[in-house]
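Working notes, structure below.
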């Protein structure tokens, strides 16, 4: 399906080589400060061609809002927005038109949908994440109004074999954006850039991981059985193209999993010296609900499958991690906006 | 919420210390061979007290089917079933009644729901997975009829720091069940059992991982944008109590993530010597859809938080991994049953 | 499907000749005063065999609550309840087993579901409304707590060709229940009873209408486009077995439809002498939302199709109108409970 | 909410005085013949200013398809389309800006949404039905491919007090469109036109009814309990702005409701001389499912509330019935498309 969320709901549309892509957001209350410029700013962070590290495609990606905003505020009606495809260059893809691209899902798609769109990736294209970023910008505007203390930051924590250290304090988005790799540690960022440049020159590609942290979380977001906060986030993040793993609790979780319960839960102090009921390792989630501490997750991405000859022609990214950062933030914001409305709907005690 | 799935849908109910727990399954077609005994057999695999390794609680967990079955077949109507709580011993928990249990979500729940059930874990209890296993047994019966070649097996692949080797061929459920740890490698299983016994004696606990593999997958299960097969599975598995990570593509994925694209995608042969477009590493999913190869995932569990004094009184499990195996299988089967119906609903080409 | 509602949701199960029927209600907040006795009382109003006018089947219909209630209050968890089938007498129906019952949907069902339940009506039976009444009782308990001024009353307004006059003031449920026909006008009720007795003796049947009124409605229940209050009620009421028409705005609406707008909207006083913007004729709904005035609807029922020889054997009702009254009330209460939560979820202005 | 349908789903957006209105349709399979011209043709039937009988607003209402169509066929991806608002003339409405329009929902809306759109009706405007007609055109294209024998026709059966006779055979859409009133009986149509002209000149308005008939219905559309075909249609039709009643079974149903069961069900021949189990009177629905006979419904509309001074300025319709015809057809087609997919998803017997 093409919709995400229950109460704060995003519906997306558009093929990468059709007239336009876009999004409709339902459920956003009236009176939330928001204008086209704010959505444009979010799209600019996702845009290809921002640096020498990414694809050479220079998509303008100008948003046009069709409904739901008036005089700088939301109307409480559906917010629809579109981005026209101006730089489609289907010809770049035409060369592959008749044979399946290695590592791509072409054969799988043809088996399912029969009719194949020879103009390019269609809905499978990474360009589809445009619609998510539009939705995320609207979700963030709502959250900024409803939960002013809440903010979400994501950054690149691994590129190829190179892992960034855990941050001592949460980096700002400005600090993350300061380097084209979106890794907030200057030395590590430089090394990552070199790796990416090398991969680019050899028409190779690199995967890695993105870390996400949300501070200022209210207590009690999520549901106890099937709509657990961690399940909602897993669904949201696993739905991003190249994601192959989602881990809660931040950078050390998979190492910590081997600890005894006594150490893990901090009875005698856990690996990071935390005391009784350390909590930090729970990644901000207990019993399926947010526990009021910082939400902390890691998402793993596989390397792009567009390589070699295909990469030469199609102008693809050698490493999508830096551009994945705003997409990851968008998905987390969409989940939190939805759970915020859900918490209103289910007061759970009268 | 308490419902899971869109077309093949499970709704669950029941508190761990109330009269009964149960499930209602909607969407299962008529004519599927299924009776109470088959559901009971699935529940028996989840039951505590199966070996010296698990909790001493000897719950009978007898299922009673209330509707939807007749003369050994499904009727096409909702299938409702319940399990009465017979061994509740709330007194065991009463000692903790007034203070929050360390590592548990008691404070979070009280903040959200106000009213707290002093009889025990309520809906948060692991006993809630009973309802999932009932749903999974019905899903499996449907899948056995609709996709006879499809079968799902899960096994314990890590306990504490001890990791099992990757299996050469898919183990049968019989082989998995042959050892109380549900690890199909005899030597490793014995070592795991020793670790668990040691943890039990010191009122400590252990986490680990479960691997899942589904063979005989049809091509094209899933949706390209928001209902990707991997997202549906992530949602399903992350919704199990102690799960802290979900990784697609099996045992080596998180190591492989550091490889260059060329090696990862097997252009020059990947780490396992697979050739061009290796595929195995995709864990059976491409472009959000099943690609017809074996579906392969790993799920990480944190160690239980019931420790020390609390563990002495409450008869909890030192390691839930062995009993998590049928729950993991149930969740995967529920997702696949739902996607099977969805594939029927969306033929995608006329 | 077998579920009703979005946030306050009822899932039903059970065949008329299986072990039990029942319901699961999700979304009811914790702390709402409710016990088994209150649900039983609602079921008793629906029970057959209450008077000489209805079917001779004397079903005990004892409810058992399985979850969600504790110490006289809701827990905020799913509320599951069942009623066992004790007086099934499938033999009564066996005579019809091999041929389709005239006026019944037997052939239609067989075409769709293939497998046919030879024990009786299965899910098509009017006995399915048991589950709705359980759901309605829970919805009413919630509404009584959340909107204490709100109450819904339904009554029989037509039996066969005989129409009751419009009431001057809203009758109480006690007044409605005072006569077995559930028509609150003594003379008319007696005439209706005579009509029904006559129909019963000749194994014939009668249809008619039920009027519903909800007083104390909050302003703004409903949604402007697809979830209009009138659409939600239409869906709810048209889903009751024999309903063939739903009209908003009470007893005169279909006559008033022929008036000019100026008279209809009361610019010069409408048919009931109401003034400018009369409102009463809107049935309490404007622009898809409740306008704070009494909600007023009429529902038309066709006569039962169980007639002649079939009626002799199967002990069916000659006129279901009196027993439909609590079912109609239940469906209206379920819609209002759902919209109450929806209004919380969508504050619509920040 | 702004979405309609479960599997074949329409999401709408747009305010009457914002930049654009539009629709996104999900669930339509690939390969269905459809182009922009076909959607435009459907919109032209809804367009105001088609004759002297309707509003003088001459909206061009040109559709632009943004996604989902390629080379004259659907792609299986979401179909998004918009219509820009070119003739908004908010000034016409500005005069009413500060006081509530009598008979309109202004006060109700302000109570719910706080923020009020001073540019006009916003989402409440009848202009919102544009989006429904776009959705209906796509649904019809799908139905034409999947069920070629199925077709739906609606026509005006009452204007003010004047009722058209029941048609002997189903009129074609061409015959319905031949007269600006969309009543297929020439004499009656002329009388209706005169009534409407008179109402227009005195700034008054008229309600009435629309009849709908679908021929070529497959057997078994709908669900037995909550998703009954009649409930789905009631929801769909009651969601149209001025609808105040929905009756199944065509023109005589509310008269027939007073008949005894024996006559109603045709044991001795019903009012139309039909024999045993007449069926025609069931309006094509039994047990909640389509029975393969023609689907037959009537929908009642109240007269528009825009009258007198308000009507002079705002250029509103004295009678919306003729323009409601394509909207009614659109809603029926959307329901049938959704149920068609649902029938595929729930084969109900294996």
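The letters A, B, C and D name the chains in turn, as written, and every chain counts its residues from 1.
The criterion applied here is as follows: a residue touches a chain if its C-beta (ideal position, glycine included) is under 8 Å from a C-beta of that chain, and two chains touch if they have at least 3 such contacts.
The shown structure was predicted, so the numbers you read here are calculated from the model rather than taken from an experiment.
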Of all other chains, the one whose Cα centre sits farthest from subunit C: A
Chain pair, B-C or C-D, that carries the greater number of C-beta contacts: C-D
Chain centre separation in whole Å, for subunit D relative to subunit B (CA means): 47
Rounded Å distance between subunit B and subunit C, as computed from the means of their C-alpha atoms: 40
Length of the line joining the C-alpha centres of subunit C and subunit D, rounded to whole Å: 27
Residues of subunit C whose C-beta touches two or more other chains: 1-3, 12, 27, 30-31, 76, 113-115, 123, 348-349
Contact footprint of subunit A on subunit C as seen in their complex: 7, 27, 29-32, 76, 142, 145-146, 341-342, 344-350
In the complex, subunit B residues that touch subunit C: 1-3, 9, 11-15, 18-22, 24, 26-27, 30-31, 64-68, 70, 73, 75-80, 82, 113-115, 117, 119, 122-123
Subunit A to subunit B touching residues, read off their complex: 1-4, 12, 102-105, 107-109, 111-115, 123-124, 128, 158, 160-161, 199, 204-209, 219-220, 223-228, 230-239, 243-249, 253-254, 256-262, 264-265, 267, 276-277, 283, 286-292, 300-305, 307-308, 318, 343, 348-349
